[in-house]
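Naming follows writing order (A, B, C and D), and every chain is counted from residue 1.
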């Protein structure tokens, strides 16, 4: 699936940038993320994702690698993991672009991912819809967190 | 047998000799077979389209009670783990790299299927994703990632010895053929037109998914009960892989639950052979339907065609360029691109021709043979563009076809068999039956299309016929019964030649230890080639009977003939048992007849002349719902030039099945991939034709001029009727609604988009 | 094959509640199993036990409660198809039951299972919306009735809590003199689109009430109150003439999802086409004629 | 009756093709595997495994079900009819004869399911019109015959049974 959104955030790029690296607050913002831990600052993290697709619940440990970093301008990360119960391989690539606009910021979100295995095939249509809802929710929570 | 004699059994719709077993549920397929001590195998498959295997941890799986072995590519060093008829490029289990989603990575063998399935979930595999190419466009792009980095060794087929891969690309073979002045001829054409078409990835969906059961005996011999269409090709592969002489590799083939080409060449036999050797116990592997979607499919293709015609409608020049997507492993793909492109110009005379095709690897389910063998992909393009040419010339598409048909006896290509059918008869009958010249009802459109296909050459079929002491007969022939009715046809041929009732003829189960060599059950060749071998073997026995009777009756053999299980002269009748008693001086003994048919190599471009040309015409009348784009076929006529129907009811069954299978890729079927992942490998989301898709009127008719090289003038008829369905429906749609679709299947949404584009075009006065 | 599980066969709702409380997420409610067993077989769902509700008395009953028709959750599609009571009160419910999946699924699958699984392609959900479907949910804490439109939250997601059991669905038959139609279009096992429409006509021959629902094209079926309101008061002739405009309005309001059954914009246009066709068929039926509409790959009930 | 032990295995009694059979089966055992692997009745086949193709059709209490997705315990105390129960060499069911006569059998892998489904239809509608047969056989897929001869065989069998007293 592939989702792109733009979110206006009433916080200057430096504040937004700092929020993005605040692991506990980011766990709150990312829907379905139940825990996350820093392994190597600004480079490697581990997280656990849980999502319910109807009666099916997906729960997978993710390894997160930061692949691009331009302070206060751009952040891109890749995450990979596997849910052995459902037999689903999950890959995510999220790119966040920040553009300062007179004191506030415009955040561009570009999220691309795949759920491989039976769930990915059978749930193809549903997963795209869920991903769109998740990115919208992420944008909303991030804006609230940044403006709080 | 003089052709003039009235035929007793051939030409009759005798009931199938395997019908009773099948309607009572007693027929046995590989998935029904069990051996004492048999273990059950299950395969772990890659979720990635292209990845390097970093690490496989099978410890937990091996520890599960009831698991006898967990095998990965690394455990196969004791044999040659690669197989494939063209290139030996396919590993039994992935070695270091997986090349398509669904490729087997590990195999578990356990006491029962449940333990095997549970153990699968405990095998941990770490992959490192690699860039994948999953479409022809991606695979042929300059600098595209390579599916195979090194060139695998050639396979074992003579006609494929000249494989021509293009180093540094995903092209593993090319076929090129020219006749006449090629490109130059287009300069003289009054009308030149060109277009590009695409044919989708479709799956055979035989009701029986692939299955195989292997067991090694104490003398180091391997027996495999397999759902295969060519036991003798599988025997060659296993002999090479396990380094055993051919005489010690035995392939037994019970009934197949459908094949359609999907069960040609080795599929599961290598893995079960290896697992049985490792566990030293019989091992059975029966795939699920979903796994069949990750084992074989038809090679999808994109085809560019260019036609040059004279103003009077005569075809002058044709150029076809076809790229076939072979998926991750070549299988028989290299021969498909040759066979499909060789008759790209169909049953028409085209003096100047340039044909080129590429076999291209991609990271998807490997392609293989599928009914039509490349011809449906080319005919879809050629027959569609031919209709466009007729329209541009303001000519009736039937007339333009009739005007360009090859004539009976005409040379198709120097060195190949002359045309052996009167194709105009089929065209006229199909056009008349669909009511071509009368206007169709409102909202209905008609279209027509033809096809021509070469069968395999060089080719070999051998048969043995045994006449027993009581006058009953056994036929030993390796032709596989996969529903087409081959056993009944062989029984009819033997019964006709030896003048015994069909009920007293049995046809043995193909078993390479017992039934003699046959190249393959495919390419519509069995009735013709194996039928001739059975005919000659039965003739051999008939000759022996006449000689014994001639000595007994002191009359020249040519004054005698066989009739109702006896040799009959002017004044004498000696039943077969008496003749055998005479011959052997005791109650036992049997006469053995042998038939070998092997036309061998020739100067024909594909290495051997086609024994016969398969030709069929399809005429369709469709209804279109212009608002939804949904099409239904209301009337369909198929006419096939078959030389002679040995069993008319079975021939009808073949053609009705072929038409409905053709309707599948015409209106419904397509394997959907998204970035390397197969989305619809199940019958809920992959739409196979149902009873309700049956046209209101479906007629399958035959032209029988007795002009085939097969027994009693028969020719092959197993594939022809499938091919014209998509171009006939596509042409009907174009003539009814003025939209030319180039990509199959013609789903409602695709037709809807074309109709909207047409409407938009009209509104801008285009 | 299936992964191992225990099978409980409680004979009362109280027993069901105890089992759900004891096993929580490790238990799955089970009746026909036509969807549940597939999820277990595909390995997408792991449970320790199934709680079979087929022995709880009364859950399979089809009965009239005053004007309302109660269909028990474990009533099979085949039973609904053949029920004289259903045919008498809601003939379309009986006829649509005949077109669910195939005859084998209809012999085993249940109405409650179909609604609780909430597959966006469900025929029943779309049709029952036009019959003001009310789902009854039972738990130890008591019973509650939820309108079907609120019950169906999204693809495979409903308002049922983990400790609740869907015991019945209540439908309100259309008033006498109502003409209805259900159209089902698509190639695959599951329809690309489903349209249910009922139009009641008053003594003056004008539309007294219209009930329009469209399903399968988006995350869940829905009604179109705005379009229904515009239809009210029209004569049958006006309704037929206005059908294209009303259908266009419905298409603008529909939420469609792209999947292997079709793209979002195709489903939007099909909503327009089939809502108009439904309006024309119902207008004819309300006038006592049967239009014998036949469209490729479409079931007209 | 359900076993009092842990509810994960059950003692059941099936009447399969008229023969009573007592079995202990795990709760998760599917009817198709019990028929094929425990009772050796190999006529019903596993193909699509998702209730679409009908190759696994058997009758339970006269109703066609997908044995591939039907718990064996559900058939406790009921009659189960498989293709092996239709008729055998000496005395074939009229449907079996009609399938042979009309050329409705090719590879045979779908035939068991087709016959059993048609048997249930004719029990309900003795002489169904072709459209009724097509509707009923929507859930029985065949890749070989193209269905025409299957529908003809069932219709002919229905008409013939109509004439028989």
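Please note the rule applied: contacts are C-beta pairs under 8 Å (C-beta built on N, C-alpha and C of every residue); 3 or more make two chains touch, one makes a residue touch a chain.
Computed from a prediction, not measured in an experiment: that's the story for all the values here.
Asks: What's the farthest chain from chain D if centres are computed as the mean of the Cα atoms?
Replies: Most remote chain from chain D, centroid-wise, comes out as A.
Asks: If you tally contacting C-beta pairs for every chain pair, which pair wins?
Replies: After tallying contacts for each pair, the winner is B-D.
Asks: How far is the middle of chain A from the middle of chain D, if each middle is the mean of its Cα atoms, in Å?
Replies: Roughly 51 Å, centre to centre.
Asks: List the centre-to-centre spacing of chain C and chain D in whole Å, with centres computed as mean CA coordinates.
Replies: One centre to the other, that is 29 Å.
Asks: When the C-alpha atoms of chain A and chain C are each averaged to a single point, how far apart are the two points in Å?
Replies: Distance between chain centres, rounded to whole Å: 36 Å.
Asks: When the C-alpha atoms of chain B and chain C are each averaged to a single point, how far apart are the two points in Å?
Replies: That pair's centroid distance is 44 Å.
Asks: Multi-chain contacts in chain D: which residues touch at least two other chains?
Replies: 49-50, 52, 138, in rising order.
Asks: Check each residue of chain B and list the ones that touch at least two other chains.
Replies: Touching at least two other chains: 121, 679-680, 682-684.
Asks: Show the residues in chain A shared as contacts by 2 or more other chains, in ascending order.
Replies: 87, 122, 124, in rising order.
Asks: Going by the touch definition at the top, which pairs of chains touch each other?
Replies: The complete list of chain pairs in contact reads A-B, A-C, B-C, B-D, C-D.
Asks: Flag every residue of chain C that touches chain D in the complex, lowest number first.
Replies: Chain C residues touching chain D: 1-9, 33-34, 37-38, 41, 49-50, 78, 101-105, 107-108, 189.
Asks: Within their complex, state which residues of chain A touch chain B.
Replies: 84, 87, 89, 91, 114, 116-117, 120-122, 124
Asks: Tell me, which parts of chain C touch chain A in their complex?
Replies: Against chain A, chain C makes touches at 25, 28, 39, 42-46, 117-118, 154-157, 219, 257-261.
Asks: Which residues of chain B touch chain D in the complex?
Replies: The touching residues are 13, 15-16, 18-29, 31-32, 204-209, 255-258, 260, 286, 288-290, 482-485, 649-650, 652-653, 656-661, 682-684, 688-692, 694, 698.
Asks: Residue numbers of chain B touching chain C in their complex, please.
Replies: Against chain C, chain B makes touches at 113-114, 117-118, 121, 623-625, 627-628, 630-632, 667-668, 672, 679-680, 683-685, 687, 747-749, 752-753.
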